[in-house]
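Take a look at the structures below.
Two complexes come next, and they have one chain in common, subunit A, joined by subunit B in the first and subunit C in the second.
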Partner chain A sequence: MTQDAQQLPGTISGGEPSATRKFDYTVIVWVVLLILLIILVANPIFQLFKESFFVSEDEAGGFTFKNYIDAFETDEYYKPMYITMMLAISVGFISLVVGAVMAWVVSRTDVPFPNLIRNGILASFVTPPFLGAIAWIFLAGRNEGWLNKWIRGLFGLSEEFYLFDIFTMKGVIFAMSLYTFPLVFIVVLAGLNNISSDVEDAANVAGGGTFHTMFSITLPLVAPSLFAGFILAALEAMILFGIPAVLAIPAGQHTMTTQLRAFMVSEDDLLGLASAYAMPMLILAVGMVWTRGIVLGRRGYATVGGKGGQRRPQKLGVWRIPIFVLCLIPLVCAIVLPAMALLTTSFMKNLGGGLVWSNLTLWNYHFILTNDAVRESIYNTIMLAIMAATGATIVAAISAFIAQRKLIRGHEYIGFMATAPIGIPGIVLAVGLFAAYTKQPFVLYGTLWIMFLAYLTKYLPLAYQTSNAGLTSIHPELEESCRIMGANRLQVFKDVTVPLFKTAVIASWILVFMPSLRELSASVLLWTTNTKVISVVIVDFYEETLLGPISALGVLLLLITLVAIAVGFRLVGRDFMRSAG
Partner chain B sequence: MLKGIIAGLLAVAFLSAPAFAADEATMRAAKKEGKVTWYTSITLNIAQDLCNRYNKKKTGVQCVVHRDGSGKLYRRYLQERKGGIYVADVIHTSNLGHFLNLKAKKIITPYKPAGTDNFNEKFVTKDNSWTILRAGVLMPFYNTKKVSEKDAPKTYADFLDPKWKGKIVHSHPSYSGFVTNGMINIVNRFGWDYYKKMAKQKPKIVQSAAGSIPLVARGEAWLGAGTTSYSLLKLMQKGEPLKPVIPPAGLALVTSPNAVFTKAPNPNASRVFVDYLFSREAMQLLADYFLYVGDPGVKYPKGLPALKDINLMAIGGDELKKKNKPTRKMFKKLFGV
Partner chain C sequence: MAVLDLKGLLKIFGTDVRAVDEIDLHIEHGELISLLGPSGCGKTTTLRLVAGFIDPNAGEIVMDGDVVSNASSVIPPERRNMSMIFQSYAIWPHKTVAQNVGYGLKFRGITGAEADKRVKSLLSVVQMDHLGARYPSELSGGQQQRVALARALVVEPAVLLLDEPLSNLDANLREEMRFEIRRLHDEFNITSIYVTHDQAEAMVTSDRICVMNSGKIEQVGKPSDIYDIPATKFVAEFVGVTNSIPGKISDPELFEANDGAKFMMNADGGKTGELVSIRPHRIQVHAENADVGGVDAQNVLDGEVTRGYYFGSTVDYLVKVPGLNEPLRVIGDPHQFFGVGSKVRLTIEKAAVILVSDS
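Here is the complex of A and B:
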């Protein structure tokens, strides 16, 4: 610790460590971190809480419970809460089954092309859910959806017949599940990879078949991962804004997120009501994240002992190909079909004209590229994603380094602080930021900064976990040996830690950059005329049902994301997205 | 003597006029400001077309469009004002009621656009608080590939026939001033009972009035409960399989005002731009998009019925202001969103 003095001019090194030197170093770090935490989390949540006890329209009005009474006693507002709970449980359960089965297949069986399945799932993880939902309107609209028309044509059925209707709650559950099951997959895969095959082999030797072994041995062992996966998927279903905005509203159904936004954009000033309405979401979400942490943190099963044991694939036998095909279905539904639907629609002149040569046009692309709002939004999106990725990575890398190397007093709390925002739903955070930074003296509303704060808060935990995981793998002995050889702390940091740490830093940058490109639930409340982003423009266009331009813009967004992934692969290697779990 | 009196009167008229058309000095100041932000609820392609054409003129003022629904634009401006943020210069929506509020709070300022002297009197205001940029009617419509002319609804009541259940699309009054306007007219005529029955038809709910057209054009819905006449007629011209329904009860007339904000960050550019909006070129462009305008000199396209030939239902700004909120509340109650 005494070597810290080297950076402080005017202090004498050696001898007794002076109390002031240590004091300065620690205090600066803590003050910076505390200010960040106050700006990013404490102040917005406090303002949210405060606003919920005042009726915004009534400027002279005092403290009141009216907002809570309105929010929970009015049928129209209460129903979305009920609907959201139903959605969360259904989506959680479907994602659990699909994600866990696919994780088992990829990790434990001799299914062909496991890497294809794994990469496909990671690709659906980075597809913007609201784009998927819009594409599914083209695919599974009740009357004109391609799948319905195709089935009608195949069996010669009447125009009245339909198999799919995406504008229903079932449709919402389906679309949500497509983009939440990867969460379960990643968590369960990690859980499975930690269990050695020895126990399964033992079951096999004792005469248990493939499926018997899976149900009676493997499944119970990964129970904590399954539970965590379920929680993650249910939570995601609860806080998603894009899919219900696209599919549930036309069906005359609000979820909590869309209702929250309806309050925020209402002609009447309903900030207080919105804040009260956000409270149950906030409490539920934070509660779910904590439960997940407790369950995952336990790892009480004695057999789960690191990655020591060997893993041998189970033989699927005649089921090999059918299971492979089954595994492809969610991927085709999540990526292939939506991408095709968006691509073809983006080149169509008249929406009622079908896919014929005379109906092809570049007009949609021309429209979006000559539209001021779109051009500005492309710039803003990339700008914000770079800012958020850089900001989150810097804060995360420094805090993780301080925490891991125990550089200051109280280092054990840094991890907690950096991951504190993890449970806060994006849209709730946005209401809080809105409440906090639209009034004097801190008016950030109307600038990219308020959105930067939202993104930073939302993705800091992800960046921290990535940096932390990266640092864990760099053993301090490496650094210490260099110190013994005579290098000072800075040199060690520069020549040893940074090069080794680089991969994790780049991975964390890209992992924040990608979701920032398509962030919607916070942006949709915080954007202003000069600070539109692509996702917001797409929702904007959707409200005008400009399906052609939306498709073109969607194709553009997917292309930008693909480029980001390609760059990530080049810089970090193909495994970089795994740390997302 | 006579000349003197006329000159005197003119001078008085000029001095007392609260608003004036842009002159050389305004033009110079506008160039210095360099841009104008237009909060507008006219459909995006028209707003962008107007802006693009204006920008091509290289007047030194760059036009920036911010398009949204009437209700959301109103809210956004008030929200920004509360935070001390002034981005918008000019506002144009389809909710006259909002303009009454804005005027009462002096949030908008009178301005008389150049060249509007000979405009149809229904399009101008005496105190120049705002000027009507365009008018249209809320038109019910259907997909001609899915519904034959014989089967198509002829009256508003025909939309309540059980055979259309799940096949109708309806736009949202919280978003669209056009739809709020139309709904108030229909409720005046048929009572809320009409919408209670409409809700039972389980229509798909879209946000913007024009947003209902693509769903019907694709055949995803077969009937539209009401859309902006101009978007509908323009898309019919482009060959989409659509047709309007003209019920004998009449169609709701919606006039959409345009005004300059008192605290416009670019006050001079605002005035120059508003002059452009009401110029013959812009007026003709709007007419080509099947909109009715105040300029008597424009040529309307084929397929646009003359306003005098339509049986019109209309309400005043005060009624709109009064019934705006109850209408939105009732809609939420009946339709769930």
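Here is the complex of A and C:
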């Protein structure tokens, strides 16, 4: 340290006394991270595992396989598994075909307004699937559905006739596919955009025709994206709770998620059975996410960038307009029709009364804004979303910073830890949290905190990926150049790191805030009378067939989401939706 | 202003990678010296050691008589009064051109109107005065490079460090910016270290070139010395094109190639080496049996053209001569072109035959 005391001619005086003395934060950081990991992931999963091997206390107790035997040998419980698998595979394939074809059309052809199609598909994330499913009841219910009525009117058919019936397995598959095909679209589009058209041109020059090139060059190159897209869609179909709750239960069918909830709300204590029942879902989901990660080569989140570049689009010729119209159909079904159905229903007195002056009312809005339970749920929803977004963003930003700057020993494991919850289905996580935090010494059940933990865990990977991507784009030389110009570490942090990192932090906040607003699959197991959220109230009202107030609440939820998106665009620019996939 | 001394500087990465292997280098005040070498030779590590971004394992860096780095203590970069130009330019994207350039001034107690004045004047030196309010994303690569130069120079640093500053520019711009960097150096006369792997860049910009290989210094000298009198086979082959002929000295003025050919050269007091280096353009090509004058003043070899590429301003030949297994590379005058198979007579001045060591 002797040289530090010397005053260098021509160097800047003052500043920190020593440059080489560094406090080792390793232990503190690791202790905090490990505690978080234990609270959020390890303990709930461990408790889930433990419960699955114990029968409930009023019986004999002790270690047993009874839960597993009950879960897999009872026909009544076995059938939902079969249905879920069937749904996952069907939805996966439909999404794959629709999503991949639309991605190819947008990426490789001269279809008009490709950006309209792309942004429309991204926008379909705005509608929560359970709201979409409810809206489709208004549209395609067997008797009262508007589309059925319209067709009857058009052809003068009897009241008995119907073309669509949403309360069927086909209806469930249809509604699910509407909200899963965008996942395939995003992954495949990213895959296609990463293939230089030179590669395809080279095949053309070598004598391959358009179709030969597509099958021998393009298709093999995007095969990993196709596979990953299929997995994503199938996984989503497997873990969705809202759509089967709305459409399959009235049709007399359970899926694994709705069956899981049935166990949890049962009069009997079936926590052990529920835990055993959740195991295959947990293992399958985590396995699928890992497979996807391996197939995509560690690129966990695909990005939809504006990488377009110089491409020679395929000429669609006379098919140009028909294909454009075909591409609009999924968008109309996913966004336009549901939004219209909800909006009009929210202003109607009587669902069957049609859109006439005497049938219009503001009562639904009056109801949701004056009903205490609903008002409390709105407050809870917004509070929870703010808490989850803030919590996840802080944890993610700090751990990403530590990992990228290699600030502590073992920094290479931080990313793995922060993204460890990825793939744990929300409803399985909720069973685990319930098992972990309903008993002494940590009684969180009945408070907003247990839901906060669920949201935090569920969205931490997303926040981490966003922060990490933001930090990666800050070249170390940007900080070094600041250093050599005369700034010390703290000034570099203030003048360069924070301003450049800010965008990613805001994006991560909004990306957690938005899905937290409509979280259903975990909330539906963890709510109590005082801790209802909007999505839970909607499912509640649905069971009481309060369809008008549901529509009004749905419109309100969409409005809050749109405001969040608008704020995001304003602060970050349109790129912030990039990692939404 | 500053005189720099690197003494026995050692940097080990991991357990045994000697990235900078005990080098000694003295840099005069106002001198521009290049560190030239292939990637992985330790030149960038040396530069970052000088900047204070990394700590040496042994040795020291002395600036105007004061130790700024040694194994136990390193003065941080911000207190060295140095500037650095980075390969990626490292222009802060959230600050305007003027804010980028003016950033370092506040740490030197220069603010307000005086700071504005200096920023303006430096921007006009790099011909960017009309773009002060722009953001970096609105600038071309060359313009960003100029901003980086202005930002580095405005603080009147004692030492300017340049880390492959032109490697991200396209060829035309690179050529233009070489001259620009030399012009700015002549104007400001700041002690500078310029890291590059491009020999032409080093030739044009530098007062002296320090050729590095595997963490060690191969040779330090004026560009003309490095080119004309390379000390080692590595320098001869890395800087320009050459014919390296292995053999031994049999007499202070005579070199005997392993394959039998003999070359006369100028005696160089006590210099030893295992090879000679002969630059292709120092070999003259004549017609077969041409009268080339005295054989005591120059080497004369007869051979046969095995390849001749016409380049417009030159012709690039390979000529097979007796007593050498490898054909000689020769750059000839295009006005007299010899096709493949032609018999030719080559002459080589004694001064063009340079003894080098095979280190």
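The definition used in the following text is that the second predicted complex is superposed on the first by the 524 of 581 C-alpha atoms of A that agree within 3 Å, B and C clash if a C-alpha of one lies under 4 Å from a C-alpha of the other, contacts with A are read in each partner's own complex, and residues count from 1 in each chain.
Heads up, the rule we're going with is that contacts are C-beta pairs under 8 Å (C-beta built on N, C-alpha and C of every residue); 3 or more make two chains touch, one makes a residue touch a chain.
Keep in mind it's a predicted model, so treat the numbers as computed, not measured.
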item: Partner chain(s) touched by A:T529 [first = subunit B, second = subunit C, both, neither]; value: first
item: Which superposed partner A:T370 touches (first subunit B, second subunit C, both, neither); value: first
item: Contacts of A:L163 with subunit B and subunit C, given as first, second, both or neither; value: neither
item: First, second, both or neither for A:A202, with subunit B first and subunit C second; value: neither
item: Subunit A: partner with more touched residues, subunit B or subunit C; value: B
item: Subunit B versus subunit C as contact partner of A:I484, first or second or both or neither; value: second
item: Which superposed partner A:I294 touches (first subunit B, second subunit C, both, neither); value: neither
item: Shared contact residues on subunit A - subunit B and subunit C; value: none
item: Subunit A residues within the subunit C interface of the complex; value: 1-4, 6, 8-12, 15-16, 19-20, 475, 477-478, 480-488, 495-496, 499-500
item: Of subunit B, residues touching subunit A in the complex; value: 37, 39, 43-45, 48, 51-52, 64-69, 71-72, 74-76, 78-80, 82-85, 87-88, 98, 143, 145-146, 166-167, 174-175, 202-208, 210-215, 217-222, 238-241, 324-325, 328, 332-333, 335-337
item: Interfacial residue positions of subunit A with respect to subunit B in the complex; value: 76, 79, 137, 141-145, 159, 167, 249-254, 258, 262, 265-269, 350-353, 367, 370-373, 438-440, 443, 445-446, 528-530, 540-541, 543-547
item: Partner subunit A, residues of subunit C touching it in the complex; value: 1-2, 51-53, 55, 63-64, 66-68, 70, 72-84, 86-88, 90, 92-94, 103-104, 107-108, 148, 151, 155, 158, 161
